[in-house]
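Two complexes are shown next, each including chain A; its partner changes from chain B in the first to chain C in the second.
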Partner chain A sequence: MKMQKLSEDDIRAGLDKLSRETVVYAPMEQEGRLDFRKMEKGGEVELGARKTIMSAKKLFLPQAEELFSFKAGKHSVEMIDPPKDEEPLVLFACRPCEMRALEIMDKVFNWDYADFQWNERRARATIIVFACLEPLTETCFCNSLGIDSSRSDGADAIIYTTAEGFFARAHSEKGKKALKVFVGKDEEAPEFTTRDFPEKFNTDLQEKMMENFESPTWKEIAPACIGCGICTFVCPTCHCFDIQDEGGRRVRLWDYCTGADFTLMLAHQPRPTQYRRYRQKVMHKYSYYPTRFGEILCTGCGRCIDQCPQNIDFREVLKKCNRLAPAETGGEE
Partner chain B sequence: MTAENGNLYKPHIVTVTEVWEETPTIKTFRMVFDDPKVGDNFTFKAGQFGEYSVFGEGEATFCIANSPTRKGYIECSVKEVARMTHGLHLLDVGDKVGFRGPYGNWFPLEEMKGKKLMFIGGGIGLAPLRSLIQNVLDTRKDFDQVDIIYAARCEEEFVYKREIEEWKASSDCGLCLAVDPIPDQVCGDDVRVSFIPPILEEMKPNPKNRIVITCGPPIMIKLVTAKLEELGWPAEQIITTLEMKMKCGLGKCGRCNIGSTYVCKDGPVFTYEQIRSFPQEY
Partner chain C sequence: MEQLIQEAKKLLEENKVDVVIGYRSSPLPPFTRPAFIRRPEDCEQLVFNCGSVYNLTRYLIGLGEKPAIVVKGCEQRGLVVLEQENMLPRDSYLLIGVGCSGQVDERKLREGGFDRLPEQLSDELMADKCLYCDQHNTPDADIFVGDEVESVEPRTERYAGLDEFFAQDYEELYHHWTEVFSRCIRCYACRNICPLCYCEQCISYVNMPQWLPRSVADNNNYLFHMRRVLCMAGRCIDCGECERACPVDIPLRTLYKRIAQKIEGFFYGYRAGNNREQLPPLQDFNKDDSADFIL
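Now for the complex of A and B:
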């Protein structure tokens, strides 16, 4: 197949041009942290096989987002829409798992009420994915989630990294338009296939978990969890949120189900212990969301493993879940 | 009902037109939509809820406590517990509140027609039942016998005291009031000192052509449903409304999930048969 062949210089020069036309977010390192940041110069972008600390989720579901602001007097309230980001945005060099995460979350944000803020951001973004022919880090396990990271059909364009340079291909009109800023000739590209991914394990746990909801094994799944929530914040698919008033603004904020406040009511706590909250996290991803939306709410990006302060390895969690067995006596303590 | 620009999180403005104290910590607020067009088009069904906001203090979930048959306003009854509810309790007639809704499902009123109804409420759990009770009493001829059992910790904790007096005086419904058997309990002659299950044990309500609608503290709901089952009640004839923590009311924020169920969308009204199939986490 013919693809647009690009050198590193072609890419950096193209990004310079692109950033003059539109807002570009790309992986960039600042103070030792690689994250998706607003790009000024193509030279700053990380083009290598490295994983950002945070996922690209924040561009579509910001960590703190103004829903509206208000001026409330004693007998009057004026509500003001937040300034609109109408500029198109290019998300450059995210990975196939990030693209999958957005497709998975499209379902919850549209299954009944359509979430205006999410859809608007999705519509204005052009997403250029870098394929992962090899895992980015040792903690990647997207192949166990059925992701073939040599492709990303939902992305607007895909770029492959080879020893001889880069090969780019558009999947959509938006992608074609974005790739136009890069010079480079069409050349026959090699076959791209993934290699060196870890051995796959079973992630179809939807029914097994439901059948074993009461299993005492849940207490042994992640006893070290302290409910700090970092796994949720770095996760590309965790989307639970809070709504609060801050000053004169109503804001939507990321929230996390492993925290005790998540379900705490006046005189009632449906999930009073940490293992129950951890079970919620795992089952939301691998049982409830699949039941509801037909997709596992996880892409195997491994960020939760990379960042857990308690060294909880989510792959091990899932492997333990594969061994869940019914309670012998039944019932929870 | 969504705001015009598609921003689902932007509420309608309502004005408090009446406030009254139910108990030392619970007040009821009557509110009217500022935009008459919104008010005129506003419809809801008994059992639905809304997201109410005090600007600057935040948003919280409460049922709509009045009946859709009593038009032109909405009411909510709120216990003062934290920031938002404290802010709400400070409000007076003329003050502004945000309202999004109605959200969620509702009590199956049509299926209840021609049947005997037994309402079992505990504490502020009477609020969602009140919407349906008012609805049923306003269209009384559509239903067979109606009974209300209501319990609270003590008489002072009874909500809707004005309506309780009306129910007492009315021949439209039977009424049984009860207070918890705690030491030094003082109450009127017409109030039982008992938890609800022993009352049910005594009454032995016949499930034939009858539906129980119950709401109250989780422990009360659990004990009431257990007692009814013991008395031979099929789980599908016991209806309750679940109070889970909610934020969006739109099936997005993930707070109210019980298993794969979104209480805000699939509920809050469920039969006990449905609830039994949930992971036991409510």
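Now for the complex of A and C:
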């Protein structure tokens, strides 16, 4: 197949041009921390095989987002829409797992209610994915989630890294338009396939977990979890949010099911212990979401493993879930 | 660590404890992870080495089981504070003491691309807090396993550089920390990993009224962290877990050490958890107490 052949210089020059025409987010390093950042003049985009700390999710579901603000008059309340950001944006060099995560979340954001903030951001974004022919880190396990990271059909364009340079191909009109800023000639590209991914393990846990909801084994799944929000915040698919009033603003904020205040009500906490909260995290991803939407809410990016302060390996958690045994007596303690 | 395994096994076999909280090895840096061992036959998993970075005492409050727990010298100070604050009676756990000649700096291990722990831990790879450690062996242990570690001269000073850093004027400091906190993602790992953060309802949970807005914004982040610094005054034992856990490398210990340094100066050299008999400043009143920093 013919693809647009690009050198590193072509890419850097193209990005420079692109960032002057539109908003570009790309992996960039700051004091050793790689994250998706807005390209400013002279910014150095990471083109190598490295994983960002946070996933690209934050560009579509910001961590804190004003829904509206309000002013109370004597007999009325005035509602004010937040300023609209209508600029098109280019998301450059996210990975196939992150693209897949957006497609998976499209379902919940268009289920009973079409979330216009999400949809609007998705619509104005052009997404250029970097294929992963090898795992980025030893914690990647997207292949166990059925993802072929040598492709990303939902992306607007895909770029392959080879020893001879880069090969780019557009999947959509938006992608074609974005790739136009890069010079480079069409050349015959080699066949791209993935290699050196870890051995696959079973991730079809939907029924197993439902049948063993009361299993005492849940207590041993991740006893080291301290209930912080790191794994959910870095996750490309976790999307639970909380809505709070801050002064005169109503804001939507990332929430985390591992935290003790998640679903905490005045007098009730349906998941009063940490293992129940951890069970919620696993089951939302691998049971409830697949039941409702037919997709596992995890793409095996491994960020939860990379960033967990207590070194909890989510793959180990899932392997333990494969061995869940029914409760002997039934009922929880 | 044969002795650790044997002692743990014995405790479980004799039903002296329900669970042994220690370390097991891991293929990922820092090459150990917390272990909760409930069956005697699983005790073989237990290890203790320079990758045993986690402060496991964080798991004790609200555990609901009788534990034996592996605790390093520096971390034992936290247990003293918890006892002084009436949060954790000394007889609610069995303390397994160890000799520790330093722990790795997890970040340096990752950055250096290490695929295993070094045989000999160099000062360059060592966690900062270990370079001035004065408590290599766990005091007050019920069972001490392995050999005691001989004291070594501190290579750095506990409060090195702080006076110079905080000599900047208020505006500069405010801008510096606002900038640093701007990358905080409010995951609360610093709070949740802290052995001394045990409030059932942290002020950052309260939303009626909302004292601390949850939105990730510079002033909110600043408020969250500075409020936490005050919570740690006279309590922080410098186990360094908050800084280790932070996914965005916020140098939290700089602040917690500064407040500890101040307390030490104001209150007769008080250092949290060092001496069970010395009451924490907030629990004690002395007519000679320094009062020139308050009204």
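Methods note: the second predicted complex is superposed on the first by the 329 of 333 C-alpha atoms of A that agree within 3 Å, B and C clash if a C-alpha of one lies under 4 Å from a C-alpha of the other, contacts with A are read in each partner's own complex, and residues count from 1 in each chain.
Everything below uses one rule, namely that a contact is a pair of C-beta atoms (placed from the backbone, for glycine too) under 8 Å apart; a residue touches a chain by one contact, two chains touch by 3 or more.
Remember, predicted model here, so these are calculated numbers, not experimental data.
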- [ ] Could you look at A:9 and tell me whether it touches chain B, chain C, both or neither (first, second, both, neither)?
- [x] neither
Open item on the list: By the touch definition at the top of the document, which applies to A:245: first (chain B), second (chain C), both, or neither?
Closed with: both
Task: Partner contacting more residues of chain A (chain B vs chain C) - done: B
TODO: Could you look at A:117 and tell me whether it touches chain B, chain C, both or neither (first, second, both, neither)?
DONE: first
Task: First (chain B), second (chain C), both or neither touched by A:264 - done: both
Task: First (chain B), second (chain C), both or neither touched by A:211 - done: neither
- [ ] Once the structures are superposed on A, label A:77 by its partner contacts, choosing first (chain B), second (chain C), both or neither.
- [x] first
Open item on the list: Contacts for A:173 in the overlay, against chain B (first) and chain C (second): which applies, first, second, both or neither?
Closed with: neither
- [ ] Find the residues of chain A that appear in the contact set with chain B and again in the contact set with chain C.
- [x] 242, 244-245, 247, 264
- [ ] Under the touch definition given earlier, write down the residues of chain A that touch chain B in their complex.
- [x] 67-68, 70, 72, 74-77, 79, 81, 108-109, 111-117, 210, 213-214, 239-245, 247-248, 250, 252, 255, 257, 262-268, 270-271, 276, 280, 283-284, 287-289, 291-292, 332
Task: chain A-touching residues of chain C, taken from the complex the two chains share - done: 26, 28, 30, 32-34, 36, 38, 54, 58-59, 111, 183, 185-189, 191-193, 205, 207, 210, 213-217, 241, 244-245, 247-249
- [ ] Note which residues of chain A are touching chain C in the complex, please.
- [x] 31-33, 53-54, 63-64, 138-139, 220, 223-224, 226-230, 233-234, 242, 244-247, 251, 253, 256, 259-261, 264, 305, 307, 309-313
Task: Touching residues on chain B, where the partner in the complex is chain A - done: 2, 5-11, 13, 15, 53, 55-59, 79, 81-82, 94-96, 98, 217-218, 243-245, 247-248, 250-255, 257-260, 262, 265, 279-282
